[in-house]
Amino acid sequence: MKAVYFAWVRERIGRTDEDIAPPASVATVGDLIAWLSARGENYAFAFEKAGAIRAALDRKHVKHDAPIAGAREVAFFPPMTGG
Amino acid sequence: MKAVYFAWVRERIGRTDEDIAPPASVATVGDLIAWLSARGENYAFAFEKAGAIRAALDRKHVKHDAPIAGAREVAFFPPMTGG
Amino acid sequence: MARVRVQAAPFDVAAETRALTGGRTDIGAVVTFVGLCRDEGGTLAALELEHYPGMAEDEIRRVADEAQARWPLMGLTAIHRHGPIAPGEEIVLVIACSAHRAAAFAAAEFLMDFLKTRAPFWKKERRRDGRDGDWVDAREEDETVLARWSSRP
Amino acid sequence: MARVRVQAAPFDVAAETRALTGGRTDIGAVVTFVGLCRDEGGTLAALELEHYPGMAEDEIRRVADEAQARWPLMGLTAIHRHGPIAPGEEIVLVIACSAHRAAAFAAAEFLMDFLKTRAPFWKKERRRDGRDGDWVDAREEDETVLARWSSRP
């Protein structure tokens, strides 16, 4: 699946997007955050306050307990500040 | 004092304004409505539903129990429909 | 100090907005209300707006002053037209500016709610067929909505 | 169907308004919200607005659709800019049209309230002195104001 990052999540990870292939044990958005956090200091820094991170699956907001199965694109970003 | 009329109060009375000199017994706006109503059919028609008539003294909204003493201009009109 | 005008001429919303926001960088929210002449039945040639000169401006200013006392506004404009106004044309304009949107929305709606019931204007219908039109009746709803402002800040 | 756009270019409020009201005589109320870039401390060169292409439009449209389901609207536009925006410049525009003012006010405020917390946009400060600016923090208040819409019609 494709992972995309925005705002300070993007800055901390150091990339805008990437293809990822988590193992089958990674079932939810929360699992994916934990799995990504273990990939390096930049990911750990980006997700250090996991509760503050918002996620979207295929461009729809989801909670961390949402299953990722079947999703083509997952996005991680801070709380929105538009408007 | 000067009396001014607006909207259908004006149309029913048949004039926009006039000078009036009510006797001393006419103390309030309500008294004035009663006194004017006795001046002719046009006035009686204009004020037939006295409760629906709004009044202003010197360009400020007042209730019918407001004393008219000292006022230079009294206005009578229907509920407002601006905006 | 609010900008308050009563005039026969149309107003220019963009120009009135620029007059409030131009050159400033502290305003975060601009809420604009424009009231238009409606023709529900297709029978209306125009609304004839009668007003009480002097008192109309005074009443709008009293409401505007109250809005400015209630909310932290950085600009407030209220313009009300009189005379004949054709369907689709603009009757009334309110612009409220503030740092944040909540105050601007509340002030604009407050001003319209009270202007409706306190500013001395009356609408008469001019019919297309030339027959004598009716005076527009006051809406009871316009009185009842005022209650909410007695409980809000 | 609401008009929803996400764009880098400035928008023209008067032209967007005409696009909704032009040639119509059934609209009685037009409420417009414009959000501007504020510079409270005099240190801001610009806000850099990042967005999630595709999802930004989708989310605004979802909120707009919900507003249209809740209120009898005769026109609804929402435009959100991205990219660098200087202090005093316009960031977001919402226009809501209805026969009467209550629906237009409510829909415009509803759309802004939900757009603030659901549309994927993020603001970063670009400082005048060239130092690295901060990402603007989300306001807790923006979340708490949403509660009122669950009880209103």
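Should a chain be cited, it is by its letter among A, B, C and D, assigned in written order, with residues numbered from 1 in that chain.
Everything that follows uses one rule, which is that a contact is a pair of C-beta atoms (placed from the backbone, for glycine too) under 8 Å apart; a residue touches a chain by one contact, two chains touch by 3 or more.
What you see is a predicted model, and the numbers here were worked out from it, not measured in a lab.
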item: Shortest chain-hopping distance from subunit A out to subunit D; value: 1
item: Most widely separated chain from subunit D, with each centre as the mean of CA atoms; value: B
item: Inter-centroid spacing, subunit C versus subunit A (mean Cα positions, whole Å); value: 48
item: Rounded Å distance, subunit C centre to subunit D centre (Cα mean); value: 23
item: Whole-Å separation of chain centres (CA-atom averages), subunit B against subunit C; value: 26
item: Residues of subunit D whose C-beta touches two or more other chains; value: 35, 101, 112
item: Residue list for subunit B, restricted to those that touch at least two other chains; value: 83
item: Interchain contacts (touch definition) - all pairs; value: A-D, B-C, C-D
item: Residues of subunit A that touch subunit D when the two form their complex; value: 4, 6-8, 56, 59-61, 75, 77-83
item: Subunit B contact footprint on subunit C (complex, rising order); value: 35, 49-52, 54-56, 58-59, 80, 91-92, 112, 115-124, 135-138, 142
item: Touch list for subunit D against partner subunit C, complex; value: 13-14, 17, 21, 23-40, 44, 87-88, 99, 101-102, 104-105, 108-109, 112, 145
